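Next up, some structures in structure tokens.
The two complexes that follow have chain A in common; it is paired with chain B in the first and with chain C in the second.
Showing the complex of A and B:
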């Protein structure tokens, strides 16, 4: 289980990320990415700190943060598996693939396994339609998913 | 009658001078370049269906209802985001467009409740109107499936549904009725400038979210009402509309809170006020409002309002309700007796800057014509009297030089001792809008106010000076401008007295006025002063806005003169975007000053010693006016304590709470034999009164208020006075009892008398106000349309006068016993002594006065946030709760004065401005220490207040 950082530590680490990127043009999204990289998710407590630093309102930060599904509200598992559910992959059987993955890992979409090993998420197009059905594990894309590859993925995340 | 309907053009007006002609549905229409097709069509009377567009915010193009077809162009562009072009031929209704619109409406309605008949917006719903306009007859998609409408879907919890947010005391947020048009979000950003709202999520998950998915009351929302006004559905609705229903007629009137003077439509059901809606044509507010004007009118019908006249022989007696005749006769007899017994000068009066010009004029007339002396003063004594003196001396007139529209052309705004975000919120919104568009901001204030830093606002320079050092800092800025050669020589040579300027440069160039020297006493870094001076002098149109942080000092008048010098030095006077603008605190403080409320001045700021001026009144009123100036408020109180001043008529002012050194005020009042208070409530001053005459609210009378930009706005009666008489009628009754021949049938006749006798009002009449909406004085033969900007070709006094501004430290100094400096101010939701706002739901935001203290000072004293503390000065002590914050600097503490339980003025001293006696509220040396509860004085005071509010025959005291 990923432990939540203490509030003073959280503030300091958030501030460090902010100071690194504050001078970029349009710094909010890069900062949110940076905070997610720092903590593995974007802690709710970081948002007012970002708002204060950029001199914008809490509402504005909240609006941007909730618009992008890639910004996490909670810590993810050690591995993140994203399975494409867009049209091309669907036509190549991604529904069945997704069902199989869910069964193998014992979790549904937007869930993390109890041991914290893996988080499963749907994604809508990885630009890998030629190799459908596709997925992405920890940022690395995997094409032509089949039963064997699902087993490999399962072994990888359970290591 | 009926409702005042305002046309919604859909998008804001274009300011371009170039005209463009196009054809819409066969009609030719000519509009300024940059106008949207939607607005151009509306100009021609063709209403294109729309939902996400409204003319208070910029076009957004999200609702897809306002699509049009343009000959020679592909597709169906949205008319709100497409600008007009010469020769364009637009069709707003074609078969294709009708199909698209109907389809869009079907989608909206498939996720919207169908409870129109019982909906609060029934009759005032744009969604309903548009369903009608596009001819929606059925919804192909049905109402099943995913929705935001029902709490449960087939018995299962519907997580998309959100409960109604009723946390704000004045309006509700019902997400189930929201069509996510973003109008509220954009109104909050563009109009109010608070950025409290956003759209969270995306796609079907999109919801309006106050703050970060908070309740409205917990969010950054300041309850200005702009979102409620913008909402096209019942999603954001006034609670009063939910309770009462839709209004049937409306009357345009003027808000009775601050000096911005916003125009509102009072929307009525019979004599019941349903809601106040800001009026788009109001020239001060341009359709915007704040929480006070928009919502805080509940005091008008509050149960504590006194509706019957009352008298008592001694202030220890309970009040006795009597008829109007008896109360008036009693007052007349007492005043006559006192004058017979103690002399003509033993009585006087105080006019109200809460009442109308006409009422104020009558009170001073009663005193001058009836009492036959000049013992008249007004609450401006304790706020902007130094403005009158300082601007009078330097420019020749006692008022702000600009209109509020001028801010739209300002490049550098210099705010001194004012926090418009709290005290003049609608002006603050207009200023913030200008700052977001690129103007720069300099703030001189001991506190880090909202204008120094808030969402999208960041002052270029914040001069966080030690309270009491205004003169030194302003003079140091002038030093920089002069010694660095940044002054506007051409302007000074042409418009000001050159030899006085020579004298002034000699004074100001002295190294003791340099920022480096001034840093030592003001605590402001020299570089910050230099930076601010350079920016103001060279940044383009520089406009100064200042408040009571300038005037309420022992050197208040000197600072005003220093400010006037700065504007003259840099040539920032006499055109749009510049000027010197005192932000007047009360709705009619400008008017009450104009109307001759001062003991030395007749209406129009003409000194009582002038024979020609007195002759005008002598012949009209048939009496010989006293040529000696009368007593100021503090002099009246001193004289009362000395036993030579015995009777006072106070209309609409609570001097016990608002004037300095409360103990001295109460001693003065207690020494009088007849104190007459005319007010809505048994205010603190009424604890010492012998006669109470119930007052009327601004909703119950006709008249005019004059705002901070000298704008004379009409106040219109929307309901019968609950107390029986408008305030001007009460004063007239008193005058008639004294044997004066007054027969005004309507306030317009009083205005006619004012116009006849006062040159700067010569052409003001109710007819003209009806035609023009409002007018800014001077309004006479030379300026029949009024004067938005003053001193255009030359100063009113002739040549602008530079005056030396020597800094003299106040006698109120910190020392071992009183090491901290207390300064006072206001908060957004409360108004002055709080007599009105404390009797509204505004207490949800500010239920008590708090003492702001810096963490260092708090830690030294072992204080934590929320602790009870004792606040003690040389004058007295009180207790209140502490708020630990770094908004104040170390060594400075701050509080508000909205609550009589705290009585911050027990603490303030009787030091005052050297020229005008304006009290030094903004600097008091104090000590702060932990406390267990109310001070002895607070307990005694409360007991006395309760005793003195007893009314015979009533079971409970009034408060």
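Showing the complex of A and C:
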């Protein structure tokens, strides 16, 4: 059997996400979330497929895609670490915590480690402001970050 | 004999290890042959004591905290399943001063019940408000909400009943109830706590809003940073649907109402109501000019009630106990209770629901217990990233919408961030501008460009380049932003910036700045 070209597969997977959500009122954001869940990011090639299915212009889909911080243009690392940089966390030293994390992981914000293990991002509030400084690793919440917890995170992502 | 043990499933408790504690308790109980039923409740909001574990004993609930997984064996050794003494004993949780001093109306069940048990919800007074509403005419529901004096808890403080009346009075084939659960302000977590800890109270409030306005469809727009809240709300809606609270007929009435949960996509500005509506419609989250009001032309152009989580979650108690009961709490034009969120560098951080009127000093020093670091309090920011920084000199300001406005500040969503004396207010002012630049929807030049210029100007000030000129420039920029912005992101960013400059001039003085730069 001949391998399907990647673009055909991508189109099929995008279409599957679309057909699941198409009947929602205002389906575009749920679809973009769905596509990102499927691929780990929103592939450029998915955008015209979405536009056609929803009968809107490519420019509109592109505009929406680029407006929201959540939607990734490129694949992320195997783990995503989001470190809160908002005021309540600042008051508990989130600057120093972020610096320590960057040093431990050897990457800055919006960067992915060379081995593809982890992507580091700033985030502005996780609702854990009474448990500051806070972070989120792959959707799991972490409060009262300190040197020990940073070490645990580093171990986890290097596994 | 079976024992019931509560281990919070609230994000805050989870962030401090509650999952490991729950697992350790389950394992230890199994090993010791103890028949334990573990309930994952919400949090009572005493975050310095989380994970706070509670055991049901013959003498009522007994609390222990903060519990770590490594404490679990010793808790069993101490006989905690029957309320035995342990170094982490807190006694009756209701008698903890932080709990006893509160007036819990909106948060009456949060941390007490099983969030996803509708039976538990009803056993603790839930659904009484909705049952009353089902028997009433829409206009009478609106009247009761109006008379309660409830004002929007999302920040602007607009009377909830009046908003509902506009929607009721606007004829349309379809109307919507939209719940604003974007909760983007730093220092706020009340919405998250209620969605994770007592989701049915929000569902009940939205159903009442539906009955009051003839809206049959509701959306809860929850920020994507809250995956746990999204999960609990999604399950709670399913439970409510199965039980006939939601669906084609609300509790057997002639009107239907259903709810859909939607996730945001990481844009702070989408908490602004018209930007949120655009986002729900699948558009860029750009702010719309008003008029038309969302109450007249909202979601998909239809009349729409858009309210904050806490506004909607406060409606069931109003419909249960009556307008007067709710209104009797509070001061001036700020009626009822407000869930104050005490956060940042503070000893007793958490949620404290109380009638309006406490002074800022009482909240920070007495209830919050001062800083976590033990150093003096330097500044507190009230109302999130668009709120002013208050110095100690203004600690006599009562917690009331008008009193805060009179001091060039705002209550916002009632979040308070405490900073100790190591805070650098120039850095905080710069962050306010930077945040505005990152999150601006881009529609207004003063907001989009002004904030970026603000960052540059404050950077020059920090480098001591013509400091007097930079200060004048920032002040001027703030004026332009304040008066030339369509929404409060650009319009209120001057609050944190100017309050920092006005109340903490020493952090902006060339001499100190120069020293710091050396």
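The rule is simple: the second predicted complex is superposed on the first by the 154 of 159 C-alpha atoms of A that agree within 3 Å, B and C clash if a C-alpha of one lies under 4 Å from a C-alpha of the other, contacts with A are read in each partner's own complex, and residues count from 1 in each chain.
We take it that a residue touches a chain if its C-beta (ideal position, glycine included) is under 8 Å from a C-beta of that chain, and two chains touch if they have at least 3 such contacts.
Quick caveat, the model's predicted, so the values are computed rather than measured.
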item	value
First (chain B), second (chain C), both or neither touched by A:27	second
Touched partner set for A:142, first chain B, second chain C, both or neither	second
Chain B versus chain C as contact partner of A:158, first or second or both or neither	neither
Which superposed partner A:87 touches (first chain B, second chain C, both, neither)	second
Superposition-derived comparison: chain B or chain C, residues of chain A touched	C
Which of chain B and chain C A:128 touches, first, second, both or neither	second
Chain B versus chain C as contact partner of A:63, first or second or both or neither	both
Touching partner for A:55 - first (chain B), second (chain C), both, neither	first
Which superposed partner A:110 touches (first chain B, second chain C, both, neither)	neither
Intersection of the chain A residues that touch chain B with those that touch chain C	60, 63, 67
Chain C - residues contacting chain A, complex	11-12, 14-16, 47-48, 50, 183-189, 191-192, 224-229, 260, 262-268, 279-286, 300, 341-346, 349-351, 372, 381, 384-385, 415, 417-420, 423, 428, 431, 435, 438-439
Residues of chain B touching chain A in the complex	194-202, 209-214, 219-220, 453-458
Parts of chain A lying in touch with chain B, wherever the complex brings them together	44, 47-48, 51, 55-63, 66-67
In the complex, chain A residues that touch chain C	24-30, 32-33, 54, 60, 63-64, 67-71, 86-92, 123-132, 134, 136, 139-144
